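These notes open a run of structures that come right after.
Look at the two complexes coming up: subunit A is in both, with subunit B in one and subunit C in the other.
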Partner chain A sequence: MRSGFFKETIVEHIHLTDSRLQRAWILIGLAVLLTAPLWLNFYGLSLVTLMMITAIGAIGLNILTGWTGLISLGQTAFMVLGAYAYAISTETWGWPPLLGFALAGIVPMLASVLIGIPSLRLTGLYLAITTLASSFIVNHLVLEFDGLTNGSSGIFVNRPVIFGYAFNSDASLFYLVAGFGILAILLSLNLRRSRVGRAFFAIRDNDNAARVMGINLSAWKIYAFMVSSFVVGICGALYGIFLSFVTVDGFPFLLSIEALAILIVGGIGSIAGAVLGAIFLVGLPELLGMVFSFFGPEVQSLLATSAHEVKGVLYGLIIIFFLRLQPHGLMGLWSDLKRAWTIWPLRY
Partner chain B sequence: MTYFLDLISSGLAIGAVYGLIAMSFAIIYKSTGLLNFAQGEMAMIIAYVAWSISVRVEGNPFIVAAGSIGFAILFALIVERIAIRPMMGEPILSQIMVTIGLSVIFRSAVVLILDGLPHNMAVASGNALVDLGGVRLRVAQIAVVGCLFLAILAMWLFFRGSRFGVAMRAVAADEATARLMGVNIGRIQMAAWGAAAVMSGAAGVLFAIAYELSPALFHLGLKAFPAAILGGLDSIIGSAFGGIVIGITENLVGGYISSGLKEIAGFVIIILILMIRPYGLFGQKRIERL
Partner chain C sequence: MSGHLLQLKNVTRTFGGITAVNDVSLHVDPGEIVSVIGPNGAGKTTLFNLTSGVMPVSSGRILINGTDLSKVPPHQFVTHGIGRTFQNLALFKHGTVVENLLVGRHWRMKTSVLDAVLHFGRARREEIEARERVEEIIEFLEIEAIRDHVVGTLSYGQQKRVELGRALATDPKILLLDEIVAGMNQEETEDIARFILDIRAELGIAILLIEHDMHLVMDISDRVHALNFGTTLTEGRPEEVRSHPKVIEAYLGARAARGGGSGAVAAAGSGGL
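Our next item is the complex of A and B:
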């Protein structure tokens, strides 16, 4: 146990980690993740894949909501745009999947500029409403332009073939998603310790002070919107591939709520929190299914027939309980535990 | 011409529904600075309760009205006490998230507990058509417009005349000073939630009588956002006006342009308004001091 943190240069200060123990844990975690397809069954593998896709979306939203302090209910809109950009470019136009992924990031990024500009003068409440409005507008536009998007019947998405390698098996899809997940984590970790990340934090903590320090609020807010929606768009494309079908119905508004719930559960502003929250919230309905199965088949069939509603109640309750009892989320709980462990048996 | 008048008059009716819900947003926002994202869902639940009452009493309008108003107040007070009161003083993000959480719970609970099917709600002659010089409207549609005017009048008198209304205005103007003057903020918040639930409940029930009752009723809440923002979130009477404007615009767009655009007309208007006049037509311009 070290007694304190002693840093002499700024380079040391912004290192991602300087603890050997932490590096060892990261290596173990990576090893577990990369060997997962060997020891997980089909069901477990698809669950972990879904957790990782959700985590990518949460990491994207975290850049906007957690770091810059802009509340967004437009997560679904950006996911829909990303998924459709990927599906249309690869399936209808026959582009290579890597270009499709790039477009899946760029289209939501451009859309976010459109949504972000009216939001520049707005904070808190109003921003939540414009992003909410945007998610309905996007859904209707997708249905209106049915020549391009196939309307409500949707687009079938094949598994991607990248550099001649077909990601057909579930294990290979798992590795693809894991790759994107690690990229997203690295991107946001590095963004956090850069000039950009510090500007975002400054805007969140006190926008007037940030402005006085020479941060151009409009530019940086738009920038936060763009980076966030790029990542969320990629998440949407991956979700489309995972479902192997892209429709408006596949991306219900509940996804926006789910993403915010993940941030709250994990601890707002923390990348590890976003990942933990995603694991928790995606895993919870499965856990609930196991609990329900004790009560007999009728209760279990309720979960199967109205999964959407059960999830809705669950997400709502979790949001309220965490905000009431543990506002700093799982990460807050973890740091409380760490503190208690360090100073035990004293109380403080 | 008749087509145009039809669109205008039914737009007025639906606009009055939006207006009532937008007034509910405004009264809660004005007294506590919180936007209740669950307002549309509360209207839906009250409409469902009114429907359950109406089925049992064969559509006696007085029992249904008394029952649903009583339930609305009770429901709002319970929600306020359990979920909202403990969050007082927390950051605005947390407070908004609590109401969003409530909205998902209500929305899903109705489908889980009752069903997702549309129902016909028959109360007295609410469904009957009335001919007003060539324009045919349902009784419930006329009633909802009447309700809106009644609500506007009541709010105006309440905020001008009553002691409680003045206290509410004081809280809106400056919470800390109002507290120092001995205003009980908790009671103000309770009153705001109760009044909001009654207004949005009336909107929900009358909408259910005029059209149909289904879990999609909560969309009324979403449609009322543009109305509240058009009028200005802190202006209760402005919100009512905003509702009527949005209702008529929506109907005209649906009638002359396309029905798909009708659904999003309100949201497009929001984004335009927020670009031009972020504080709404009647809202107070916020001057921030550094």
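Our next item is the complex of A and C:
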């Protein structure tokens, strides 16, 4: 039985990976992911692509809600802003897609400064309600400024062409999203192990002590909003490309609830949890479809005709279930299992 | 006048109609250990909150090395060399011991969000430097065994020690310790007393202490400042303050003050005032 991995230098302590074993598992996981287009059918591939896009959004929200402890229901607003920034800049203005992606991050980032200002005084539920309002305000703004946004008819989004390569096939879109996903994971892991990540969790755990330690609460809360919404904006742009169409209807408010549910299911504050939660919550309706199909075509058609409502109910149930039985989420479950495995046959 | 490391001049703090701290003046010189004593509600913790920037003074001035802190924003008090611990643990309980101590290094580091995201150059260099300093403190406080434990899972005594470590990690010139041995047993208290003396001797840090444990106060303090109802009763050497009639009155009432004398406070002290 292995008892642990021993570290001898400071540098080893700030490595992202713990051990050779962990690195091996990561490589295996990457190999499985990157060969997915070879062994998944069209439907499976688009499902995994959607999971990755959702995971990027969850990683973004995790920075704000998981690390800094600022509950946000403004996820949809930042996604809409990112998606429109990308669609307008690339389709209407004809910018290259990479610049479009940059704008898709920057526009929500700047907007988050405005939305984040109430967070300097509000926390918990009050902040949640304030950010909730931002979703509806952004929707109205999009519909009002129809000269720029095309109003309710939306903007058609072509697949991007980057450095002469057209991401037309579903496999190529998958790789584009995977690239962004891996980047999001790596960069947020970097953030977590730095002074910045520690400032965020210090604010979450004890803002008074954080301030005595020299952390400027106002500044760092706004930074958390900015970093988070940058990532969420990119997620919005990718979602727009995935749907090939950006409208207000394509980004229902349910996305905000979904993102929070993902964090709760995965384990709040953990990047791996955000990814696991995204896989779980995006995969769940598919699983449910399979279960429903056992009960005959009428029940199955219910899922098809009122998918939105069924999802809403499902997210609510999942949140209640996890908060009640497994508040540390899938990551908590995982570490319990790992612990049980390591110390078996002893109980503790 | 300017020789004082920390100087409080006629500091007053009111909450609505209540005056929590009333016209208190005290000073701490470099390398001194000064204790603040007083019954519950005497304004000791409020005095610490004012000195560490948690709340602003209503009137009066706080000077550190002659610099007036009245215009300094709360989060920058630490940059003037003021470190503190809290009465009821204020740790970042989901972080490990090392992470908690690293937060203490925050103001010494300059890594921006962009540096941090790329984890390259300055971010990496600063991170290694900070961790080296933190390891020194962990060794100093003899908490190597729990260095990677999540703070929320540690015992009360261990958490207190981590909090002391976090305050040390800010490189303070003066350390404000708010009832650091409260709830500790004899052995843990003696450990902390030894650390306090070591901190002064080896790191040259002055200490301002709020303490109810009279044995500890009388043992290690250079001077004692007694408060009651927000007002200074007396200040002086430990044995002077212990036998001061006003102090005895504050703790035990007027009759004891007339009859009891210094023995009464010593007895009260062992009762854990």
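Methods note: the second predicted complex is superposed on the first by the 338 of 348 C-alpha atoms of A that agree within 3 Å, B and C clash if a C-alpha of one lies under 4 Å from a C-alpha of the other, contacts with A are read in each partner's own complex, and residues count from 1 in each chain.
The rule is simple: contacts are C-beta pairs under 8 Å (C-beta built on N, C-alpha and C of every residue); 3 or more make two chains touch, one makes a residue touch a chain.
All values derive from a computational prediction rather than experimental measurement.
When both complexes are superposed on subunit A, subunit B and subunit C fit side by side without a clash. Of the two partner chains, both subunit B and subunit C are touched by A:N208. With subunit A as the corner point and C-alpha centres for all three chains, the angle toward subunit B and subunit C works out to 80 degrees, nearest 10.
Of the two partner chains placed by superposition, only subunit B is touched by A:H140; subunit C is not. Legend: residue contacts after superposition of the two complexes on their common chain; A:G269 is shown touching subunit C, with no touch to subunit B. Within the superposed three-chain model, A:V11 lies in touch with subunit C and out of touch with subunit B [touch as defined at top].
Counting the residues of subunit A touched by each of subunit B and subunit C gives the higher count for B. Legend: residue contacts after superposition of the two complexes on their common chain; A:L187 is shown touching subunit C, with no touch to subunit B.
Contact with subunit C, but none with subunit B, is seen for A:L217 once the two complexes are overlaid on the shared chain. In the superposition on chain A, contact is made by A:R195 with subunit C only, not with subunit B. Of the two partner chains placed around the shared chain by superposition, neither subunit B nor subunit C is touched by A:S228. Closest contact between subunit B and subunit C, by C-alpha atoms in the overlaid model: 7 Å.
Counting contacts by the rule stated earlier, residues 208 of subunit A appear in both its interface with subunit B and its interface with subunit C.
Of all residues in subunit C, only 52-54, 73-79, 84, 86, 90-95, 98-99, 102-107, 109, 111-113, 115-119, 123-124, 126-128, 130-132, 135, 166, 170 touch subunit A in the complex they form. Remark: subunit A residues 69, 71, 73, 117-119, 121-122, 124-126, 128-130, 132-134, 136-137, 140, 143-144, 208, 254, 257, 260-261, 264, 268, 302, 306, 308-313, 315-320, 323-324, 327 touch subunit B in the complex. On the side of subunit B, the complex with subunit A involves touching residues 35, 37, 83, 86-87, 90, 92-94, 96-98, 100-105, 107-109, 111-112, 222, 225-226, 229, 233, 258, 260-261, 263-264, 267-268, 270-271, 274-275, 278, 290. Residues 10-11, 13-14, 187, 190-191, 193-199, 201-202, 204-206, 208-217, 223, 226-227, 269 of subunit A are the ones touching subunit C in the complex.
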